[in-house]
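Okay, handing you the structure first.
Here the chain labels run A, B, C and D in written order, and each chain numbers its own residues starting at 1.
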Amino acid sequence: MIIVKRNVALLGGTGTIGQRFVKILEDHPFFDLTLIVGSRKKAGKEYGRAVHWLLGSEVPGYVKNLKIEEFKASLSEEKDIDLIFSALLADVAEKYEGILRTQGFAVFSNSGAYRMNNDVPILVPEVNPEHIKLADFQRERYGGYITTNPNCSTYGLAMILKPLEKYGIKRVFVSTYQAISGAGYPGVSGVDINGNLIPCIGNEEDKIRRETKKILGEYRKGKIRAWEIDILASCVRVPVRDGHLESVIMEMEENTEIREIKETLRSFKPLADLPSAPSRPIIIREEDDRPQPILDAYTREKDRAGGMSVVAGRLNISDRYLRLFLLVHNTIRGGAGNAILNAEYALKKDYV
Amino acid sequence: MIIVKRNVALLGGTGTIGQRFVKILEDHPFFDLTLIVGSRKKAGKEYGRAVHWLLGSEVPGYVKNLKIEEFKASLSEEKDIDLIFSALLADVAEKYEGILRTQGFAVFSNSGAYRMNNDVPILVPEVNPEHIKLADFQRERYGGYITTNPNCSTYGLAMILKPLEKYGIKRVFVSTYQAISGAGYPGVSGVDINGNLIPCIGNEEDKIRRETKKILGEYRKGKIRAWEIDILASCVRVPVRDGHLESVIMEMEENTEIREIKETLRSFKPLADLPSAPSRPIIIREEDDRPQPILDAYTREKDRAGGMSVVAGRLNISDRYLRLFLLVHNTIRGGAGNAILNAEYALKKDYV
Amino acid sequence: MIIVKRNVALLGGTGTIGQRFVKILEDHPFFDLTLIVGSRKKAGKEYGRAVHWLLGSEVPGYVKNLKIEEFKASLSEEKDIDLIFSALLADVAEKYEGILRTQGFAVFSNSGAYRMNNDVPILVPEVNPEHIKLADFQRERYGGYITTNPNCSTYGLAMILKPLEKYGIKRVFVSTYQAISGAGYPGVSGVDINGNLIPCIGNEEDKIRRETKKILGEYRKGKIRAWEIDILASCVRVPVRDGHLESVIMEMEENTEIREIKETLRSFKPLADLPSAPSRPIIIREEDDRPQPILDAYTREKDRAGGMSVVAGRLNISDRYLRLFLLVHNTIRGGAGNAILNAEYALKKDYV
Amino acid sequence: MIIVKRNVALLGGTGTIGQRFVKILEDHPFFDLTLIVGSRKKAGKEYGRAVHWLLGSEVPGYVKNLKIEEFKASLSEEKDIDLIFSALLADVAEKYEGILRTQGFAVFSNSGAYRMNNDVPILVPEVNPEHIKLADFQRERYGGYITTNPNCSTYGLAMILKPLEKYGIKRVFVSTYQAISGAGYPGVSGVDINGNLIPCIGNEEDKIRRETKKILGEYRKGKIRAWEIDILASCVRVPVRDGHLESVIMEMEENTEIREIKETLRSFKPLADLPSAPSRPIIIREEDDRPQPILDAYTREKDRAGGMSVVAGRLNISDRYLRLFLLVHNTIRGGAGNAILNAEYALKKDYV
């Protein structure tokens, strides 16, 4: 596939997710990040000065001196932008992503603003690629379209449930162990989280339930019928920098050999080759003490697919209860990385 | 009740649980700790020199110069010991607790060695006081008897389930967030746990299941019939010093007003006054981000009942799923404190 | 000494230091906290609802329902307040503490606003009690007076230097290991400090130098002549909740037996009995791995003097370099506790 | 330079430093790791099963199935080994490294066993390359030779002092903030270090002093005359996984423009190109809150030179006191990486 590189804009590039966008988009084969849009307070400053950089020693050279621009309604005319990535917080996202959609842009968003809208997909290309067809309906209505990411703790669950669906899942119970970076920056106070646990993350528990049911829902004629299986989640913030761990218990229709279940998960590779698509979407670890955030959050992969897999471990089944732990990198696959993969997929499917 | 103070011995006084015994037994109204028994390596040393003290600035003065003694079969003769506390590890506990029982001692143990024996109770005085009657059967057979503590993560669950039983519990799902001190000393390596999570704690998951079913079991004629309700647990070590948090989901027979459930838990005060019995065995917190280990593990109480309560929060019920978080201080109520309360209770019931 | 209890007001009671004031003032024998003054945003709310309580399970009952009041110029008339404690941030402190001083109040402040003013003492009763005489000069000028606390990392150093002065100190080098709570709330972001070190704490390094020189300065006729010895400090924030550790190297005029130095520090007890005065202002630990924040920050003492001592360890001298580590509880002795001790001392000396 | 790859053996490959050797030696252009020698307990096991792998998701494939061998006196005959890397602990290192030297091997060791021997260099190629000539004298005496690494906290200091020597250093004061991985595995207990500080690291303070003086010493005719300038160090273990931070104060002969000092440090590039030699041995950061372990320990560089630089920040000079913070990756440059760089340098200089 010959790719003509597209110019992309990033909305909200200085937060924990925004920084990941900047990092992953460096030398991207499909996209050139040429515009970073920020709040009035940051507009006019060079990115390298405006950002409190959290991802290793230095701000990537290619954006260091890029001036952050304020949002303008005329964005579409001034710059030769082909598509938009958004790392905005939900409250401002609603406004700006909406405007850009009406201007005909494809917006690949990490924000929650439009996630539960009927005509907006929560897209995970390995899980529900056909949901991208909702973009057709949005285009008719608005000119452009929005796709969203799931919440950072939802992605891993959806990825695991998809290939297991065929075994008959009756109910899903999830308890999360969520990293600090998931709360943004400055996010959680060091006084609160140091050596402590906070059993409360906004309305994350409800998001996991509703978003997972939508992602796994069936697409038919412009509508998504939510997955009917019930999901209960309990969410806790833990003193870990990156990587959300989840303890998952699934009540199944029947017992299946754990060996078969592992093989099903391992061989789940529904997506053709894309730069950010991991060669192993689901990695199964056999050790009895894995996955662990420090060791497993950043999965090593070719190119830019590092941190894009979900890692599962300690799988076992008994009395029809299938249990496992899963881990996702919350700011890569659970954030910027998924939106970029969505855009790569959209490009390939001629949606950009 | 007029109490003649009893001389007590402590087996294994230098570990994380042993130190808690030493601390709680200071100035105890019923018990005088007059003998600490340790391994050959520590025997002969003064306690204050043999211990790597972890509980605040200084080793309590009353044991600082007490010489640790090696275990001798003739323990019963040399010292005027009335009862035994044991903080031994399971492997040595089996041998020494067994010997002492045949010598006629009452042994109040924190170890797991005898927990699942048919004639040994896992005693939590608020939950299953009648299980102490198993001591009668042990006495007939061995001369003395052993009572054990539940595993540190089991206690809180059993305490919560007991008063809720009447509402009809169908299934219980637990995910734990367990503190480092629960692994003993040196226990978990700092390299492994710093900023990390370890989803593996020995065979803790099975212990929670089996012990809870035994504790909640029905005592009849020297036998305990295990609770029939199923329990599934997933256990994770987290970078927190003290305090085990647990996310609990209970499938109930029917929906009950959460207000009523809270009231039931709050008013669960089955135990008459004992020095280590908390005035509020179950504390309900109404904040939306509690309980937290740093704030709630050490519950303030009269006298020596600090850290002896279980703290529950974020209770809600929907679709017959009752959900909550609970927190216990793993080395106090989940360790030394419970064994001491057991001994207080036994004394009161003329079992000592 | 017969004490008539005084009514006290607290300015800024919801931050990390404000909460310590509230906690230490509970059941204080000299002071009744009857008024908490807060920002417009918090005014009108009950303290128990306005505060994000960080000091153990519950807001003390005596202030739980106390309504926070907004600052009014007429404070002096409406309420029968005898003296003021201030936990305000420096910027607002300058204004409000100044107004209250002109209204004739004695203000015992933790803020830095007036610290370096010529007529305001940085008071540490064990170290420079005579500096309180500056209050006389302030009273003449303004009606009332202000005393301030040293910065949280300065107190411990001043306390150690005072008794060692007689041995001839030539230069002092300090590197700090400062706890998160010292930055207030929310203060340092959890993303930044989790498993990390931040070698930058405002202009703390300069404060340590200037404040220590002032505290150890000589009072003569309304003036303080700064200590002439040079002090160099380097400051680092570390992932510890409470307790500032400091590595101190002192170049001395000559070698002295370390035994004598320890004895001098141990026997430094210049202050007569006051409720918050520790019986051992300087505690010397002989272990080779102490002091440690978790074990030593909260020093156990009679009454309300817990956490009011400085703990020193690893003392040694060679080639005229005296080296040691010291630890202070940054929000108790390095914060609210010192201001309360100042007020107790002022009361005793008839300055209130 | 055309390189014929050499077969290398690694002694002690399963500890924190041993794992780094394994990781850095993967695909090394000069060296083929073909033999891992371990304790009797590990001998016979495959490396992938014997190691508790701490460096990211998986044991490198090239050693996964390599059987660990027990040390044999006949090592030299059985295997075609050209040189030896050693990650042994000091006590066993003394014996085995000594034997191998007498068998004619060049041993590049991270252990402390031979560090202070007169004829063994503590080699840091950028700082004291000429010290390698001590190898000639060892060869005469023993057949082979040993070079050692400095202690993990010494390297960074020596690297900074070398280019600054010309400005006239009178005295050096260092306080360290040392990561947990520096204590090996299991090393420090999680109970001790979680949210805590331990002001005691073996006799590290003395090592820093003696080793730095030797490294900066002058080589003349087979002897090293120790640097005469005095160094005082205080060492603390902190709850950080990787990266030792050091606060350094140097008393200088005179004031120099800080700009010049920075330029001197930045342009210190004494070493010709080698695979593990960083292009910037000393990186100067201008931000006011750097270096930080999480952001700066692993310095990005070409090839295998990542983590091989020292990062300095917050430089300033006043009253002839030059102050700065420095950071080194303790298991890379402060461990395996330096030994590998030593071997690369030796190869280039025909010492292998």
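One rule holds for everything that comes next: a contact is a pair of C-beta atoms (placed from the backbone, for glycine too) under 8 Å apart; a residue touches a chain by one contact, two chains touch by 3 or more.
Note that the structure is a prediction, hence the values are computed from the model and not measured.
**Student:** Return the chain pair with more inter-chain C-beta contacts, choosing between B-C and C-D.
**Tutor:** C-D
**Student:** Find the chain most remote from chain C, comparing centres computed as mean CA coordinates.
**Tutor:** Computed centres place A farthest from chain C.
**Student:** Report the inter-centroid distance (CA atoms only) between chain A and chain C in whole Å.
**Tutor:** Here chain A and chain C have centroids separated by 47 Å.
**Student:** Can you compute the centre-to-centre distance for chain C and chain D, using the mean CA position of each chain? Integer Å is fine.
**Tutor:** 42
**Student:** In whole angstrom, what separates the CA-based centres of chain B and chain C?
**Tutor:** 40
**Student:** Spell out, as numbers or ranges, the residues of chain D touching 2 or more other chains.
**Tutor:** 54, 192, 194-195, 239-241, 294-295
**Student:** Show me the residue ranges of chain C that touch chain B in the complex, using the header's touch definition.
**Tutor:** 53-54, 56-58, 194-195, 241, 283, 294-296, 298-300, 311
**Student:** Would you pull the chain A residues touching chain C in the complex into a rising list?
**Tutor:** Contact set of chain A toward chain C: 16, 54, 180-181, 183, 185-195, 239-241.
**Student:** Would you tell me which residues of chain C are touching chain D in their complex?
**Tutor:** Interface residues on the chain C side: 173, 175, 177, 192, 195-200, 230, 232, 234, 236, 238-241, 245, 247, 249, 288-295, 313-314, 319, 321, 323, 325.
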